[in-house]
Amino acid sequence: MQSDPENHDPEKQMDSTVFQKQTFPDQQGHFGPYGGRYVGETLMPALIELDLAYQHFSQTRSFQDELKELLHHYVGRPTPLFYAKRLSQFVNGASLFLKREDLAHTGAHKINNTIGQALLAKKMGKTKLIAETGAGQHGVATATVAAFFGMECKIFMGSEDIQRQAPNVKRMQLLGAQVISVDSGTRTLKDAMNEAMRYWVGAVEDTFYVIGSVAGPHPYPVMVRNFQKIIGEETKLQMIEQTGRLPNMLIACVGGGSNAMGLFYPFINDPVELIGVEAAGFGIETGKHAATLGHGTTGVLHGSKSYVLQNQWGQISEAHSISAGLDYPGVGPEHALLKDTKRATYVSIDDHKALEAFRLICLKEGIIPAMESAHAIAYALEAAKDKSYNYHIVVNLSGRGDKDLGILFKGEQSILG
Amino acid sequence: MNRIEQTFIKLNQKREKALVGFITAGDPDIQTSLAIILEMCKAGLDILELGIPFSDPTSDGPVIQRSSLRALNKGANLSTIFELCATVRKHYDVPIVLFSYYNPMFVYGITPFYHEAIQSGADGVLIVDLPPEESGELTQGWPDDKLSIIRLVAPTTPNERMTQIVSAASGFIYLVSKTGVTGSDGLQTSVIEQNVIKLKSLTQLPICVGFGISTVEQVRQVSELADGIVIGSAFERLIETNLDDPNLPKLIGDQTAEFKKATLA
Amino acid sequence: MQSDPENHDPEKQMDSTVFQKQTFPDQQGHFGPYGGRYVGETLMPALIELDLAYQHFSQTRSFQDELKELLHHYVGRPTPLFYAKRLSQFVNGASLFLKREDLAHTGAHKINNTIGQALLAKKMGKTKLIAETGAGQHGVATATVAAFFGMECKIFMGSEDIQRQAPNVKRMQLLGAQVISVDSGTRTLKDAMNEAMRYWVGAVEDTFYVIGSVAGPHPYPVMVRNFQKIIGEETKLQMIEQTGRLPNMLIACVGGGSNAMGLFYPFINDPVELIGVEAAGFGIETGKHAATLGHGTTGVLHGSKSYVLQNQWGQISEAHSISAGLDYPGVGPEHALLKDTKRATYVSIDDHKALEAFRLICLKEGIIPAMESAHAIAYALEAAKDKSYNYHIVVNLSGRGDKDLGILFKGEQSILG
Amino acid sequence: MNRIEQTFIKLNQKREKALVGFITAGDPDIQTSLAIILEMCKAGLDILELGIPFSDPTSDGPVIQRSSLRALNKGANLSTIFELCATVRKHYDVPIVLFSYYNPMFVYGITPFYHEAIQSGADGVLIVDLPPEESGELTQGWPDDKLSIIRLVAPTTPNERMTQIVSAASGFIYLVSKTGVTGSDGLQTSVIEQNVIKLKSLTQLPICVGFGISTVEQVRQVSELADGIVIGSAFERLIETNLDDPNLPKLIGDQTAEFKKATLA
């Protein structure tokens, strides 16, 4: 009963050379058969306005200068690219480099995007920001820029995630944002996003919805990717500076997919392997996972067409991951295209392996990573194994793990043993 | 001429407005749902909007969210819903509009969906999150236009865009009364009136107004402005508060009759 | 009965021009009448060895290069200097610039020092690190570099601070350090330091004691200042780059005094006002404060002579501050000299005002500061008031406030209201 | 010749070793402390090390930390301690060494301290955290050398430094038996022996060994190597475990007598 786009979408036959001939998305936000705008009519005009405003302002010199300035002096960019000598020695294979998004203001890559969107909101004359959040990083990053630009801010967060990522809730509150607990559905990121969209429908005139990943309706996937691509741009320069050449492989975790797209995009036409790592949760075989690209099917969720985790009737499934930021049954449409064209490869890492990698990088490099990022590291450790040291792998350390202390400790006892 | 058109012609002649009733298919279960619908038809419902429940109804307020969840928990799916539709069709000639989010249709398959819908006696579809821009895939997959495509116009829709929307629509136009999700409070009749006037200048299609209409008095007010009134959350709220009452279908039927009365000139 | 050094120390008559004629400390670690080495004989040889090793290695090219490299790629230096436009507009006086040590790896300036000391420990062939910690930032920074260099690590922390700064305890544990709860005395930083020194006495052969501030016996005050002076060096360059000239005033909080010395030192012979902000706790008049320079007397604590909070019999008093990192009855000896010569001015800010400033910078700039740093900000807000916008004040934002969420929230309720 | 020198000469003649007893002045309170000291002297204590309690005793283990705290909580301070010292002096001729951290002395004032100490009959000082490098301030503040300055040598002290230390010392040399704070466990007699031999080649001063000596057997062992044995934590532990016993001074006296016996050849 699954409508398989392979059958009626000729574009699905594209291979990875397509990126040399064409840029994505098209005018309507389509990445091949994916993307687009699937929202209620109330929101359509807002999305069209947003698209035009984004196209206009993002091209102006003043917007670009202001953004650059903020990224440098406020966010702390460029973030370092760090050769992880001890981790590399430990795996005794490829050389591992870490892109240190954990050092960005608020502790993750998310702020690259929120500061861009908030600046756009300001230019558009919007006075209020809303956002959904899973791990709370996007919520904190949005609350931060809202405070910075003097805007009102509401953050929608699943009540389960509020439990899992308590410190981030407090941070948002200190930053003056109202955190709205979402009790519907799975009480995680998916439902927070549902609720944010519902709220937006009623407040669309003065409210800017700051989506936190390369998901959602057009123009969000392209806009967020463009705000995040600074990660890859810096990485490229830094690798060339530090090693004299491009890396062989890039690895990033994929929740909605923004840190991965940000890292991958500037390398899309380079001979560099791109690997996205999804959360395998309790294990793919248990069905309790968040490997949307690896084990999902085509569908429409949160305003765009992409891969989703769903049952045969098109009802969205519950995702599972120890990491709230990956615990999402959807994924950005550009990743769907990268997968189908085989330009990128998507793998998955379960909770257990992510915890092991988490532990390892704490102990070997003195860096406490976000649980999300630990998934990328875990896969990097595997990928590095049978390679030589002159094979260079860049792993996006998308965030720091302070927010995860709660899930890592039951009372005073660490679950890492 | 399909049943939707016929209905509006008939109503027009009788100087009545259409009472469009939204019910989540399978809430609280398929059997009761059928009983409810039959009672509504008996009570004079003009058009049935049969909601296909979706796990992530982002355009809906809490009442319809909960009704969708109840239906899904009791196993409602497109297969049982087409059966339900066919059963209703056996008893009544009421036009049936299948209300859906795009994903359940898309996953079922655009073309199979079309055939099953026609087969079970449906007359139109209203796909809440499928704007004209994204409709190509659907219309290309459909062999003909026997299923009306009801389109939404919102208070935020600019004039040019209205033109574009109505030209892609058939059956009737669903005018969203306000910005907000279904079941939101408050009714601004002046806004509705303005939008109806604009739409009337753009299309011959009947205009039905929905979102947040829940009282008989509101039905009466909107009846003076538009060709039809859509009631959804009000019915679902009644279902929710009387879940254990064996008399539930009758209650909804009575409510339908009351609303219907208010649509008479 | 107080022995007042003014009476018998001719050096006490020095004024601030002395810094143009002389550098401090002398060979034995004396900053005028302050500093020195007041420890049991068991430790003296270790301090002498450390002094020689520090003098030797810190001059070598390889040490300097390695440190520079680590500061850049691992710590994330240079940290931004950020013009706080909104805060400046709010006070409507001087222009405020924030030195963003909160963006350094692990979230505070402390790592500038621990990475230097750990590198030195490695060169000296030591295999174990110990440290005291108050706010936990120095403990985390030490645990981090211990993991990084593959060394064993023990962190001594007062049991009251373990309560106040719980997230940092977890971080240290994740980094593989053993956190040793100190239940003696006031159960805060002072006693953690006592206990670390005691432990060191018994383990001095293979263990390097990483002191976290410009306190302790020689060579710690000079060594820590030199590792921290990168803060001021960067600030100088950045101010000149951003404003074309030197700032008018520098403001930093003073616990032991390392972030302040690090900022001040490179400006010591420049026409720039230097302001150290101590914690006034419940208020100076209540006697429950930590304003060592402002309201202490000369004494010997933790191995060096400086100002201390003590009673008439030379018994050390309990310090009080909402901020664990300032809650210390001693202070680095170089500050004592800066105070006596009037080269720097020391003021104090109570808990209440610190909280207000904390709140303000959260809401105005989207930056959650460490409670320690909030003291510096609070004073900056006052100092800025009657100045014009071309009076430039740099405030050292010594760390981020993630660690302080516990003390700011009682249950779910923020004490900020 | 002061009392310390006289004591060692006498002991030497009797072929005995010195039993040096450390007691925190004012623990558990000034009265009991006096009673304890008098009993110790009666039991044959050779030298009294009278500890001035300090709030932050970084060279001391938990036993002496707690004893300091008890004394401070009961109000012990330099004024009451000098009185205590003077009272002991009235009854006994035992040499009294004031043991202190530098801060209480420094804050009292170096010169006033000297005069009060002499006045109350003290014979020397041992300042645990004042190395020769920092002693200038103290010696310059003192009018003469009537108060012996006992200096510490540790197992970590290199040879050259030993020379430097002993040349600045008077009274006796306090050889720290091991790396660690007071009250630490375990005794390495071979290390002690080596250090005593080294020191003997550098100075004529008697060598007393302390830190971690707590049993009669250990006293016997160390007596064969050095000129004196310092016992501190062992006494304080006895105080701590018998705080409520009215017989406490006697208990300490008995223990002193036992230790003293072990110092006889």
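Residue numbering begins at 1 within each chain, and the chains themselves are lettered A, B, C and D in the order written.
By definition in this document, a residue touches a chain if its C-beta (ideal position, glycine included) is under 8 Å from a C-beta of that chain, and two chains touch if they have at least 3 such contacts.
Since we're looking at a predicted model, the values are computed, not measured.
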item: Contact-graph separation of subunit B and subunit C, given in steps at minimum; value: 2
item: Cα-centroid distance, subunit B relative to subunit D, in whole angstrom; value: 96
item: Separation of subunit C from subunit D, taking each centre as the mean of its C-alpha atoms, in whole Å; value: 37
item: Multi-partner residues of subunit D (at least 2 other chains); value: none
item: Overall pattern in which the protein chains touch one another (line/ring/star/complete/other); value: line
item: Touch list for subunit B against partner subunit A, complex; value: 54-62, 65, 72, 77-78, 101-110, 112, 128-131, 133-134, 141, 151-158, 161, 165, 176, 179-181, 184
item: For the subunit C and subunit A complex, residues of the former touching the latter; value: 72-74, 76, 79-83, 86, 100, 102-105, 107, 143-148, 150, 167, 170-171, 173-176, 359, 362-368, 401-402, 405, 408-409, 414, 416
item: Contact set on subunit A toward subunit B in their complex; value: 1-3, 8, 28, 36-46, 48, 184-185, 190-191, 194, 197-198, 201-205, 297-303, 305, 308, 310, 312-316
